[in-house]
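These notes open a run of structures that come right after.
Shared chain: subunit A. Partners: subunit B in the first complex, subunit C in the second.
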Partner chain A sequence: MAYVATRGGERAIEQSQRLFKAEMGTITPERVAEIRAAMPYLIDRVMGEASLYDEDLAALALAQTGGELYEAVLLLRAWRTTQPRIAVAEPVTQGALFTHRRISAAFKDIPGGQVLGPTLDYAHRILATEVLDGQTNSPEPVEAAAKPSPAQQPSVAAWQAENGLLSGAVSDTLTGNDIPDVTREPLLFPAKRAHTLQSLARAETGGVLALGYAAQRGYGQAHPTVNELRLAEAEVVVTHPRGTQFSAGRVKVSQAEVVSKKGEQLELGFSATLGWNEVKVIAAATLDLNSKGAPKGSATEEEFFLYHTEGVESSGFCIHFKLPHYVTFQSSLDAMRDAKAKKAAKEKSPELAE
Partner chain B sequence: MTLKTLTKPWEPMSYGFLDGSAKREIRRKMIKAIAVPGCQMPYASREVPMARGWGTGGLQVSLTLVNPSMRVKVIDQGADDSVNAASIRRFIARVAGTPTTMDTLDADLIQSRHRIPEEVLREDQVLVLQVPNPEPLRPVQPNMSIARQMHADADYGRMWLQLYEQIVRSGRVMQGASYPSLVHGRHVMTPSPIPRWDVPKLHMAKHLTILSAGREKRIFAVPPFTRVEPLVFSDVPYRVEEHAELTCHRSGTRGFFMNEIPQDNGTSTFEVSDSEWGVKSIRRRDGEDVALGETWYKNGKMSS
Partner chain C sequence: MTRPPQSLQGWTHEAQLSVLARADTARLKAFADPLITDLPDISVVENRTGLVMLPMRDTAQGTHFHLGEVLMSEARISADGQEGYAMRRGRDLAAAMAMAVVDLVVALGHAQDACRAFLEAEAKAQSDADTLTLRRVEATRVDMETF
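Moving on to the complex of A and B:
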């Protein structure tokens, strides 16, 4: 019965998980609340990639996985998949966004004004090492501007379309449950516009950056100009069964418009995601801008970048190589050894081996 | 009408984890896959509490097919006690309340990664194979849209060319596992990375085989009594791994697919890859009354 005695799979699994959890200690509601309060940008990144907007669940996922980002996103996606789709919110329009930050690199000034908002863009990146010596580092109070910038602003692309620089996007007439949902139907190519934008919205930040950067650096055809980058809050407007519309709350969103000259017109690339994540939307909009007419198999082709920036799929496949592959390997060994033996026999007596 | 009348009492999880709409979609795609043997059917592929690439496609099919009276067996590389097989088996039992087994003869549903058991499967059994890459054309055409068109046109010339080039370069077909096979004379499919040893078991089999790739979002099937023919040239016969003469050093069973175990002295020993077949052979040898099923291979030869 020696064979049976070696069957330790279940116990090994249990103990390996205990080892992982032991390092992080007890997860308390306070720890989750602290993660949520202290790491808003990490929370945003995770919520975007999970395509699930819930700061508490995102903080819990980070606590539970010790900050292993791919695991945290997978936890949230697996939770999300069990949730019913109760309602489809009204479309969010750019003009209606409650805007915190909104900048354009295309013009010195834009209708509605440049709003710098919260950013580290011009910070000197110096570590506050005094904190490690026991001091605290508290933010200086923000001084309000003499004249507040408007909460809502039009998009720069809308102005360009009015001036004949850009052919405005064709508006999609689909509403409610008819809007294609990439989590409930397969992604096929050429992809539906909704599927493309949804896939980019939930793509893995690092993956989008790598491919977007490749396009920006020269492997794409179009050089992006940031037409508009916006960090905002959007009202989630849903319809009650009685028929009344109401806002169920606000979610943080980021969006980027990038443009490039194509003949006498500007071409537009667009991306938006849940949470504030500037790098992701600029890189994703660059990919969108470059995808039209991109050669098959190039990094800026839609099929290429949508497949390869899907973080749950790419990370899962990458770590699956840790699984045993000895059957597959044995099968290859068999073919290799036989081919080698054939070759050796041929070299020994060429006429016999044929 | 109130929200309350539109909803059911809250439950933390649906039976079998997946919700009704996910199961309905998978059932529809399975029926389509059975109707067009070997043809890949795209499906949404929900996220499940396991990483992509770890059997999420097979798992979704299993979760859709199970009911509380179905006995489930899960194997990975032939072994029931492999950690990932144990993990999947535990998950299915936990969310669907199914009894589990390691004995192929007792199983109603077998989810497997890269092996088909050595005992012949019956009409009432379903085999679910996990598939990492559903596209046999991937080595010659990585672009999925183009590959889809090639299947539609039955344009398999480059597959044949690839096999021919291997014969010219190496004196034989070098494909290890995942041997491309023509199903029902129409679609070329990958049988998933099962060894060449297992591919003939699919040909005119009594059982239904569903192949599912979760990450790549494709389901395809080999219905019962369907032709599955490995791509071969008429003058170069199909060859399975040369395991016919090997003996398992633990159970003494002979003529089945083996795992090679390297030894300190530079040699190798072998143990049978189908772990439960090995266990049953040992118990039989030790005098227990154990039922051994009929096997596809007899004396190391596939019986037709």
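Moving on to the complex of A and C:
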């Protein structure tokens, strides 16, 4: 074992951090508030991947890292470890969600109907370059309907189960701290379903999309159709010391079911995450749908996609390769030179090699 | 002997707490602040930030799994044999303390009319905001026909 000492490292590190921060300038409460207000979908993405819901903290992490997403998520995951866990809330159920967007690509006439909610799905993708010329770009106001949409919408999957298209889900009896938790126990394979869904909920969006897209393009066993996609708010129901259950507030959640035909019935894949991030949940639900019986080492195999979509681990492993590996690399070079020398000696005097 | 906690006429404890947890922060603090002067000595049992893990039920197989943690502010206080408790989203400890004060005041049976009026006004504001949100959502409803 050998080590390499670096002279002047402390000063260089200090100055390198200053150089990084100099580009962003002063971080003010106003800047954090502006990031929070102007970039709700980025905030949602960061909160989902950090597995920590608080818009102010997410905006601060983005401000502090200049939008370097892996660093922002790492900051939040690190900060999370300084906080006690006060409680485990009551499980969120689909039927109780305060629903903003709910669509199905499988059935046009789902119970409760379809509401597009906030989306750019049908927008022309035109960059508003006039803003760069000094003009402002203000959105047209929404023309609210006279009557409100129902806050809660029925479950498409439950309707399908009633009609014999699906096997009905059997409600889990585990609650509270009995629910398996990957932040407190190792992820082992075959994974518990609770671990799989929690890992996908906190997975890195790009990684999930890449592997989910691979499955969708044909590297999986089942072609997905979006059974139901929801963007909604969930109540965080906690318990008062006197035993009263109440909502301590709402958080944004996304949820997707994808469906595929299997024999005489349909099969569902499911995913949900904190914040509104529908690309992630559709891709993740596709992986869930395809995971059963997936070949070892394929993109849809559970071990493969869960290990490779954990953003903090994968980005950390990737960037560790730029850290000094001088001794190990020198060792490789020594071995290479030794092999070369032996080869040259053999060519020069073949009898020496005998 | 400690008497049981009082409740607010026309309000369940659940509804009272849920409205307080979503109440406008500035209005809640402004309402709770003067209530403290009429209370006996308050003991602060807890006033901290922390995390609440949020599970969800999977609709494919019914499994409960963890979505992630939510930052909360919690306060727990007591006075004259009664407890006031609060949990609200975010890291505003003063807002959590204000909610706990209102919960304690109600439990002690103080300022019932003022508390009821505050809760009714906040409940209406929350209901109006939800209704407006849902009217805007309704504007995006699509009806599909097969030709």
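The rule is short, and it goes like this: the second predicted complex is superposed on the first by the 341 of 354 C-alpha atoms of A that agree within 3 Å, B and C clash if a C-alpha of one lies under 4 Å from a C-alpha of the other, contacts with A are read in each partner's own complex, and residues count from 1 in each chain.
The criterion applied here is as follows: a contact is a pair of C-beta atoms (placed from the backbone, for glycine too) under 8 Å apart; a residue touches a chain by one contact, two chains touch by 3 or more.
Small disclaimer: the values here were computed from a predicted structure and weren't measured.
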- Query: Which partner, once the models are overlaid, touches more of subunit A's residues, subunit C or subunit B?
  - Reply: C
- Can A:E23 be said to touch subunit B (first), subunit C (second), both, or neither? neither
- Looking at the overlay, what does A:E313 touch: subunit B (first), subunit C (second), both, or neither? first
- Query: Is A:A335 in contact with subunit B, with subunit C, with both, or with neither (first, second, both, neither)?
  - Reply: first
- Identify the partner contact of A:P148: answer first if only subunit B is touched, second if only subunit C is, both if each is, neither if none is. second
- Message: I'd like to know which partner A:P241 touches here: subunit B for first, subunit C for second, both or neither.
- Response: both
- Query: Regarding the shared-chain residue A:E140, is it in contact with subunit B (first), subunit C (second), both, or neither?
  - Reply: neither
- Task: Give one of first, second, both or neither to describe whether A:P84 is in contact with subunit B, with subunit C, with both, or with none.
- Result: both
- Looking at the overlay, what does A:F189 touch: subunit B (first), subunit C (second), both, or neither? first
- Note on the structure: subunit B and subunit C footprints on subunit A meet at residues 80, 84, 183, 241-242
- Which subunit C residues qualify as touching subunit A in the complex? 5, 13-14, 17-18, 21-22, 48-72, 74, 76, 83, 85, 87-91, 130-144, 146
- Message: For the complex, give me every residue of subunit A touching subunit C.
- Response: 47-48, 50-54, 56-57, 80, 83-94, 98-101, 108-109, 113-118, 142-151, 155, 157-158, 169-172, 174-175, 179-183, 193-198, 201-202, 234-236, 238, 240-242, 244-251, 253, 255, 257, 268-270, 272-274, 288
- In the complex formed with subunit A, which residues of subunit B make contact? 1-3, 6, 13-14, 17-19, 21-22, 25, 42-54, 56, 76-78, 80-87, 90, 113-115, 132, 142-146, 170-178, 193-197, 215, 217, 241-243, 250-251, 257-260, 273, 275, 278-279, 282-283, 286
- Can you check the complex and tell me which residues of subunit A touch subunit B? 1-4, 6-10, 12-13, 74-75, 77-78, 80-82, 84, 183-190, 241-242, 296-297, 303, 307, 312-313, 315-320, 323-336, 338-339, 342-343, 346
